[in-house]
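Two complexes, one shared chain (chain A), two partners (chain B, chain C).
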Partner chain A sequence: MVNSPDKGNIFDNTAVNYEKIVLPNPAGFKEKVISLKESGSVLLCLLCLEDPSSKDVFRLIYLFENFDYMQVSEIEYVTDGSAISVSELFPVASLYEREISDGFGVVFEGSYDRRRLFLHESYPDNFHPLRKSFLNGPIKTRDEIPEEDLYVFKRLEGKGVYEVAVGPVHAGIIEPGHFRFSVIGETIFNLETRFYYLHRGIEKLAEGKKPDECLKIAESVSGDEAASNSVCLCLAVERIAGIKPSLRAEALRGIALEMERICSLLSDCAGMLTDVGYPIGASPFMARKEECMRIIKRLFGHRFMRGYMRIGGVSHDIVSTELLVLESFIAGIEEKVKEAYNNAINSSTLIDRLATTGIIEPRFVRPLNLTGPVGRASGSRRDVRADYPYGIYKSFTPELFSSDAGDVLSRFMIKSEDIMASARFIKKIICEMPEGEINDINHEIPDGCAFAMVEGARGQNLTYLNVYNGTVWRYKVRTASFTNWLSIEHAVMNNIVPDFPVINKSLNLSYSGNDL
Partner chain B sequence: MISGESILYCLINAGIILLLSPLFLTIVKKVKARMQGRQGPPLFQMYYNIVKLLSKEVVYSKTSSWIMRTTPVVCMAVMILAALFVPVIFIPESFGGIGNIILFLYILAFGRFMISLAGLDAGSSFGGMGSSREMSLSAVIEPTIIVVAAALATVLGTLDIFEMISKTSVADIATMPTLLLISVSLFLILIIETSRIPVDNPETHLELTMVHEGMILEYSGRNLALMELSHAVKQAVYMGLLIGILVPFGIINAGSLLIPGIIIAAVLFLIKGSVLAVVIGLFESSMSKMRFFSIPTLFMIAFFFSALTIIIEVFA
Partner chain C sequence: MNAFFRKLIQKPLSEKVEAKDPDFEFYGNQLKKEINSVFKRSLAIREVDCGSDNAAEIEINNLSSPYYDVERFGVTFVASPRHADVLFVTGAVTHNMKYALKKVYDAAPSPKFVVAVGDEACNGGIFKDSYAIYGPVSSVIPVDMEILGNPPEPVEMIKGLLVLMEKAGR
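So, the complex of A and B:
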């Protein structure tokens, strides 16, 4: 072990017990995982990193959470290339395991799905880009793909079953993703998604860079989550270095995060209404989003708040007169969104389209680790801001809304409520704005590792950072989209094909945040 | 049988409908945009589009056959033929079967058949889905349209559209109040047949929800121009029928055919059509698209009003 494990809790919640188990070998691992499964734990993340001291030795870190018993377990074991699959117990693990198999060449024994994930067929055999032995650079792709390496979709057969392939190129200007439907008539019987057309090697790109240089990389993980992903990286670095940002900086970060949430959710709400052919209901939401982005540009210097977050603080202060402008602006937003929401919710034809469409049952929340508005619309009461408060959320607790219906309508309602709650939250911060410095300029980042979690607009964004010899050894990002994408395959079941766009939009997940 | 007057009728009637139909379509778009707080396209946008498309290259899918190549021309021909059935300027004597409402409906049905066939022809899954949906819908809509036609025939005592309109243009609507009921049906048929919200979304970018747009997805260049123009003409023809039944004033009889009369009638048609286009735009803005499988309930409303008309006419 090179890095000394963190003392105390990895996330800031003193009420939660934190245990770290380091196993020298995989023996005993399975028993521990089974007991975690039986107690109702959720797999938050599974990641792999190469050991800095010895080549081709990999450390697998599993992060489990059990909120019923207020327990977070970090389990780590070392392997030289083969590992034990937990995907039968934690279905979401399948994605992580395939990701690690691609990135590091670690084989998971007993997994039910060994297809490639982010490396599509055209990448050569035995190519594992996250190994340190691979130096970042262009690679030669294969033109001819052998039969056994072709990606196989699940196939449903029977009378009248046919497949509809959608994407990766879509009719609108959206990101690429492939959806394979098995359909009888109009009813969907199976959907399989395939992504990673946008894979940019974000994690590899960060390696060898100084932590503050990585902020730009974190900002580009997903365009409209720039603030949450960069705050997430800042939190990890600050935890490693023991930096504590000033209260004012944390308040400004809080405003930025909530503004970002408002923008993202406004466009979700507009999108849902557009996709059921109700543009007159959508346009007020869309107009508010543009207004928000303009004021963000004015206050933070960039429409997506890029470059605003700094390690130990923020890049610039916002003077009190500007904060007053924001306060009155945000009060207007709250009012106008309320009006638009009431207008929408009073349209019977709209309710008819949204209610009972695309139901995600609450039983999927834990196995798939569904978070954010998607999880809360399906009965979850979880929110990183309340469960593991960071920054400003230590002093102010946000309002949380939740519903058990799990349909598009409940997601629409929760997202709208979230917008108004975020607006009230911003007003509260501005009212009690702390004074003081905003940036802690001189900081030395020692070696170490840390997890950090932030609640983005789409849910729980998680970052793991490992600093070795002053530079980033491993940067792992897991956005909410990575796990929430799994829910769409369940949400569309027994719905009809024409309802897919609105179900997709009600989740509105990021492709780039997933593909990295 | 074919007289000079009927040739003049063909030229003027089809010409006016062909000329004004893109304008009506753009007015609907403009109204919808204004309702959303947007500027919307300029009123002549669709004319520019058609001119642009006519000069563009045509691309065919490898799997397509002669159906894909002939459908745009057939569609345009069908719509121009249908335009001859609905007098908007003056009412000539019937000639060559032109004017029969049953024939009119099945000429339009032939156009729909060709579009659906061509949707399958390109071999794309969206075209296939569009065609399959269009056929499912038309199986439900056809009986409804026939009942609407039957209701018209019952009230006006004729199957000939020319005679229908010459009756409505001399009679007061107060003497035939059941025409108001039929107009509701006709308006719904207009919405359904021209693939508008709540049945289909004409501005959709969502390949998975498309019906009409799905079928014409594979067209390009002048073929796309013909498909779009024929769609506009179809809408104008249905609008012309509704106008002829409900507010026929201004349409002149063949006997008093004079140049000023023609101009006045054309201007009146332009005004009435524009007003109707605004109404369509407002109607579309007022609701979201229906779930695909609940669309037949809309047909039922049209069916109900027409069936009610027949009952009233027969038993009252």
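So, the complex of A and C:
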């Protein structure tokens, strides 16, 4: 193995035991995974990369976490093209396995779903873009698709069952995705999602570039998660190179991340109210969002904070007078959101629409690795900021809200509470703003690999970065949306089709962050 | 009954939004004049995302927020291409969306205008050389107007529409 330097614990939490197991061959792998399943572990990520030293040899890295026992296990084995499926033990693995089959051509024995994932029908056979033998560039796709290659949806049959197909182009101004409902009367009996219409080849695009050139790519993973994804990449690079950003830079990053969370959650709350026909309740949230975006532009230079994060720090400092402006602004936001929230929650018709709609039961949280507000509305108490603190969160702990109800109402309440908590968090950072430099420009990035996790507005965003010969060898992004999307198929079960928009909005997951 | 009287004396739920953007108001009113003369008071836009990262969608959505509220100027966003005069297309077109974009274009009644919104839609942006990208919007359907930006801000979009209307009126 050329580049797998042991960096110790992959996350900065010394309370967590970290074990790394490298298996020379797949023997004994399944037994280990079964025991992890029995102890209640969660599959955080599964990724594949080609070995730099030998062609067509693939390393599969599984990352399991068990927070009851404070244990993270990284299991790795090498294969030349066939692997063992764990999708029956960890349902979320099915998506990762299909992703790897498309990208690398690795076949998973025993998997229950072998359909293509991000390569839709028009891509030719035997095309595996993430293999190093494929050089990135325009390809020739097929216009005529043989019938056996057409995508097959699960079909429900019986008296009175009919299908409703929605998408990829939707009625609203949102991203493309396909939803196939099987309905009896008005009640949804099954939903199957199909995404990846926005597959832009993000991971391949990063390969061969210098790590700091990849920041632009990380920002484009998902528009309103630009800060989270670029901080995640920065953390990975900083871990490889051993760079420690100054306290002031960490604090500024913290403000940026929390502002981004506020913006994203404000539009979620507005969207939920709009989708049940309550625009008077939605307008204050939308107005607050625009005000936030304007102050973000004033402080960070761009309405989506693009170009603000740098490896080793941030691009520019914010002077103390501007920070005072932000402090009084954010106090106003907290107050106004509280008022808007109280007005909304006091409307009985609204409660009637939101309560018991789109329930995600707590039993789905671990098998599907549901995180963020979606997980916390379904009984999870997990948050990367508290569990694996990074940057400013090492000194300040965020407030966490949780509920067991799992319905749209509890997601609305948790998201509103989160906005107010983030506002208080920003005030706390500004009060104790450290002084110092904001950028560590002189750094060399050695070869190595690292994981990094950041809590974005939608949940746990994970990045794996492998640097080889000074350029990126493998960049794997797994946003919270990738795993959280699975929950929608359960959330809509036994609801009526007209409630689908509000359920979808209450999750508000990113299509582009999922499709990459 | 009590609830009724409480409703009478309580503070109104609506609020006055201050600090509207003077630039935006100026171009918006210009646009309204053009729309009144060219499209008889109403311009229907259908938005299609073909590979954007959602930032452009967020800004287009913001056009309907209380600060901008473009419906004042006669611009509406419609749910189907069959109701549309203008298509707003965002993102470099991915292979997976190419077919859908063609279908949307064919579904829109003529005369129709296509506006490419954002750098990626206009020239491919950072995704230009990716295997998953077919090309900019103009490589799939004819484009009448390009609005550059990463993503363009609401006022840029209004300016773009104004130029398009002036062009269409001629």
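Methods note: the second predicted complex is superposed on the first by the 515 of 516 C-alpha atoms of A that agree within 3 Å, B and C clash if a C-alpha of one lies under 4 Å from a C-alpha of the other, contacts with A are read in each partner's own complex, and residues count from 1 in each chain.
Keep this in mind: a residue touches a chain if its C-beta (ideal position, glycine included) is under 8 Å from a C-beta of that chain, and two chains touch if they have at least 3 such contacts.
None of the values given here were measured: they were computed from a predicted structure.
Visitor: Check the residue A:Pro501 against both partner chains and state whether it touches chain B (first), chain C (second), both, or neither.
Guide: first
Visitor: So in the superposed three-chain picture, is A:Glu186 touching just chain B, just chain C, both, or none of them (first/second/both/neither)?
Guide: In the superposition, A:Glu186 contacts chain B only.
Visitor: Determine, under the contact definition given at the top, whether A:Thr349 touches first (chain B), second (chain C), both, or neither.
Guide: The first partner, chain B, only.
Visitor: Just to be sure I read the superposition right, which of the two partners does A:Ser283 touch: chain B = first, chain C = second, or both, or neither?
Guide: In the superposed model, A:Ser283 contacts both chain B and chain C.
Visitor: For A:Tyr197, using the defined touch cut-off, is the partner it touches chain B, chain C, both, or neither? Pick first, second, both or neither.
Guide: It touches chain C, and chain B stays clear.
Visitor: Look at A:Val166 in the shared chain and tell me whether it touches chain B only, chain C only, both, or neither; answer first, second, both or neither.
Guide: First partner only.
Visitor: Does the superposition put A:Pro434 against chain B (first), chain C (second), both, or neither?
Guide: neither
Visitor: Of the partners chain B and chain C, which touch A:Pro26 in the superposed model: first, second, both, neither?
Guide: In the superposed model, A:Pro26 contacts neither chain B nor chain C.
Visitor: Under the stated touch criterion, name the partner, chain B or chain C, that contacts more residues in chain A.
Guide: C
Visitor: Using the superposition on chain A as set up above, list the residues of chain A that contact both chain B and chain C.
Guide: 171-172, 280-281, 283-284, 287
Visitor: Quick check on the complex: what are the chain A residues that touch chain C?
Guide: Listed in rising order, the residues are 118, 120, 122-123, 129, 134, 136-139, 141, 168-169, 171-176, 196-201, 204-205, 216-217, 220-224, 226, 267, 280-281, 283-284, 286-287, 289-290, 293, 303-304, 306, 343, 510-512.
Visitor: Write out the stretch or stretches of chain A touching chain B in their complex.
Guide: 164-166, 170-172, 186, 273, 275-284, 287, 347, 349-350, 352-353, 496-501
Visitor: Where on chain B is chain A touching in the complex?
Guide: Touching chain A from chain B are residues 32, 35-38, 125, 129, 133, 197-198, 201, 203-209, 285-294.
Visitor: Would you tell me which residues of chain C are touching chain A in their complex?
Guide: Residues 13-15, 17, 47-62, 65-68, 77, 79-81, 91-92, 94-100, 104, 126-127, 129-134, 150-151, 153 of chain C touch chain A in their complex.
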